[in-house]
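Each structure below is given as structure tokens.
In the two complexes below, chain A is the common chain; its partner is chain B in one and chain C in the other.
Here is the complex of A and B:
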């Protein structure tokens, strides 16, 4: 009787979980597997008459298998490697800036001071804006011709002529890093703040009794307790950094020249401008591999020796 | 008064019959099946108005949806892959031949009235409407784009310049003087933006105006063998190096964004698609150069510029060919002798048109008079030069990747001969 009841509970559990699993399978697992498959094929969306998987009325074309040709072709292209080094710089600079600024803002907002609730609410505004809006907003601030910042600097007599932030590739790339940091750092702050508030006051009290000042408490109490949050922030920032596309679309379109072309933009252009979906997905799967690799690295560096309480 | 069942049924039956017959008598016969119509986002409310007008006036059942420009062509292909049939579709010139080669869209020559439309189309547009081998017409014109030179008349007058530049050397001379005299920081605004409608059409226009060809008769890139192209590029390097142009124009994301800079009245010269002069010179609510303070001049050099057309196409698998063709003629032709949509695009957006007779229409003459010298525009149109290379399968990718090479030439990060050789090598690698 007990066994039958247990089985029945398990069946009910599966029943409840099944719709969610089905939805995840349809919208996550299937596109993931299918796009991986596409990266090994010669895709022409207009010529899908070859082999296919038939699921009732649904026909999923498999296209012609060409092995690793897309990957070898992509990796032989100097533009891929240029874009990769640029992407690594972009991600490195963005992750560092977003983490440090996010952490610093969390430290401030964790203190008690008048206006803190309002500031905490305002903090979320940049993060809650669509990235297209963020891009347009910063064009309005930084533009050579009508940018608010240039107007301010010129009127204050701090510069003789307007600054062209997007003229050179290097400065344009760093503008992208900073704008993206402005957009994403509040989310890191939110996570750090949640982590800080879960740290027991007793730990700080004990540290104070031991004579620890502000910086020692930060180093020996706050930071170790925030390790899982640091891991989360690093992983999310890294993945977001690798995949960032929309700001490039609004601010630079990958230019001037290829100077702000990252791997995600290169993959997007290859797929959606040149209609080379095979090489396009291959490019983007190399990004997926990089994201996974970085996650493992962060896990080793940040979480390896961390043992949660209880 | 009491109403029995028989009277009620009789009365309502008569009323219903009257309604149905009345509808039939007052309205044209409705199409049997809906016609699906898709286009990229450009004034979608205007397009919706046309569609509603067509459905009302011509008894159509057209269903319209707009897809963002950036993903329009891949979206249409994905929809075809899923088995969906969109009967009438926009298609840009860079993708049209691929759609035709792959059997996605059909030729239009066998459809009733096509021969008359061919006769009415300008020769250059008709040539562009044909497939690569020249045997079939595969699209009806949506609009034509023509590159022109615009100038800021008050600024030139202020600087004592009596007439706009007729040669490129003169244009550079004017800009140098305007900068030196502090009339303008960056007097020239070329359309070097990073989109498909920016740098490369400007590159073709300036090369053509120097009497150079960019492609040979077999559509191979020969820009590296043409002194005229090299001259144009050396001039671009000079104006960029001398600070005569807005240094951020290379990262502008569209021709629309670029032309809006000219609204400010801070530039003396601007090169862009002709229809942008409509907002610059015709919209005082937006532009400081309206009404008609900005004007067009013949393109410097030999006056030739690049001209291309975008298209309405018909799905090869359409099951409503008659209705789809009727609607396509409404959009890209003269259904029932009425150029309704073609005329409306001229009136609303100043888009150039493939049918010369459009410009004889009094309403259009009156409307264009508010923002451009129509006679001069027609003269420029005659010097518009089309290319056939856009029909090659490699063109779309070449056209996009060439932008970075040309930007490197402009910025001087590569030399003119080396950059032009790269353009030719790029084409060879893609062909």
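Here is the complex of A and C:
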């Protein structure tokens, strides 16, 4: 009797999850494998003949297997490595900014003060905007000719001539970091706030009795309790940083020169501007590998350090 | 926030006032002409581009709603099973779900491109719906799983005792009290679709078939369109998602934090 129930529970469960897993298999697993295959072939979008998988009327081209040639070609390109170092800087700076600013905003919003409900409800607005709109909005502020910031600085007499934020590569890259931070930090704040509210007041009271001031309470009570959330924020920010494309599209198009070309932009351009799917998917696959690697590394780093303490 | 307010100010300004120096935070005169232009109510030199605004908003709406509906039906059911049942392969498939969450969507797009070309789904809304499910479904399953874990299991048990089968317990008893979770998952999914740019830009290139973000980005790339006009389209395009988030904030915050923290 007991085994029959367990069996039927398993069967029912599979009936419940099957549609979702089937759909995910079709729209994630299959394209993932097919893209991986493409990265080992000489994709030519104009050629209609050649090997293919045929399912009735559907004909999915397979192209010619060329081994790891796409990868060796991509890795031999100095642009790839330049983009990689740039990406690492971009991700590092973005993760640091988003985490620090997100945490600071959470600390402020965790205190009681008049206007807090309003600020809290507005918190998510930057995050809810399409990154295309985020980019547009910052063009309006930073633009050389009509930007509001330049207008204000000029009127206040702080600068003699307008600042061209996007003219020079280094400043353009850092503007990208900050604009992306503006868009994403609210989400980090949201997660930090949720974590802070789950910390028992007794802990703070006890720390206060022991004579701990605000900063010591922050360091010894708040931060240790938030460690899983810090991990989560770091992982999400890292992956988002690696993948960011849309802001580059509206703000810099990877330029000036290649100065804001990250790995994801490089892969995007190779695949969809030049339509070289072979090298393009190879670049994108190295990006995927990086993302997964970072997830594993963070997981090890953060979890390994506090698991022994319980 | 000031940045968003400024976008609104520029959208009701004349371009010549934006260019004027010394600079004014409050425009000397306001106009709704920019909005009239993008809504096709007045003629102007770039009305071809601007005319795509409304059509693309409609496309965005359709894609967003269909993807949300699919997610809520399919994803919620799976989320429920993950929250309630113990079954063979549960850990493994959950791990696979987590993995897909970390996956860059852009890596899937070349495959979509070729397969959709073979299927004739390029430049169709159906194609976008399919592609969007690839990054929304894993999220929805996860958020809904976390939500159902907050509903006491006794509820389903008493339904089973009362003679419901598993599916009836879910459909007739648990779902009707899951409004907040459904709202959170649905609003989040819709927001992701409404704001998505890269996939739509690549897969739906034919004019009139794409969604709003590529159209706005396209106008931004044109030198003959004033920034104030683009600002108007950006502000208008941002409104639905912003309103959605402001209205359903409470539920979304609960759903998102539960879904992320427990991961």
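Throughout what follows, the second predicted complex is superposed on the first by the 299 of 310 C-alpha atoms of A that agree within 3 Å, B and C clash if a C-alpha of one lies under 4 Å from a C-alpha of the other, contacts with A are read in each partner's own complex, and residues count from 1 in each chain.
Convention: a contact is a pair of C-beta atoms (placed from the backbone, for glycine too) under 8 Å apart; a residue touches a chain by one contact, two chains touch by 3 or more.
Since the structure is predicted, the reported quantities are computational estimates derived from the model, not experimental observations.
Placing chain B and chain C on a common chain A by superposition gives a clash between them.
In the superposed pair of complexes, A:100 makes contact with neither chain B nor chain C. Applying the stated contact rule after C-alpha superposition, one finds that A:159 touches neither chain B nor chain C.
By the touch criterion defined above, A:167 reaches chain B but does not reach chain C.
Of the two partner chains, both chain B and chain C are touched by A:271. In the superposed model, A:47 lies in contact with chain B only, and not with chain C. Between chain B and chain C, the partner in contact with more residues of chain A is C. Of the two partner chains placed by the overlay, only chain B lies in contact with A:256; chain C stays clear of it. In the superposition on chain A, A:297 contacts neither chain B nor chain C.
By the document's definition of touching, neither partner reaches A:206: not chain B, not chain C.
Legend: residue contacts after superposition of the two complexes on their common chain; A:108 is shown touching neither chain B nor chain C. In the three-chain superposition model, chain A touches both chain B and chain C at residues 59, 61, 143, 145-146, 249-250, 271-272.
For chain C in complex with chain A, the residues that touch the partner chain are 1, 3-4, 6-7, 10, 15, 18-19, 21-25, 70, 74-75, 77-78, 80-82, 85-90, 93, 97, 99-100, 102-115, 118-119, 130-131, 133-134, 137-138, 141, 166-167, 170, 191, 194-198, 201-202, 212-213, 216-217, 220, 227, 230-231, 234-235, 237-238, 241-242, 244-246, 249, 252-253, 256-257, 260-261, 263.
Within the complex formed with chain C, the chain A residues making contact are 9-10, 12-14, 16-17, 19-21, 23-24, 27-28, 30-32, 34-35, 38, 58-61, 121-122, 124-133, 135-141, 143, 145-146, 148, 150-152, 154-155, 182, 187, 190-191, 194-195, 228-229, 232, 235-236, 239, 242-243, 245-246, 249-250, 264, 267-268, 271-272, 277, 280-281, 284-285, 287-288, 291-292, 295.
Partner chain A is touched in their complex by these residues of chain B: 70-71, 73-74, 77-78, 80-81, 83, 98-99, 102-104, 185, 194-195, 246-248, 250-251, 253, 261, 264, 266, 396-397, 400, 403-404, 407-408, 411, 413. Taken in their complex, chain A has these residues touching chain B: 44-48, 59, 61, 143-146, 161-162, 164-167, 172, 249-258, 260-261, 269, 271-276.
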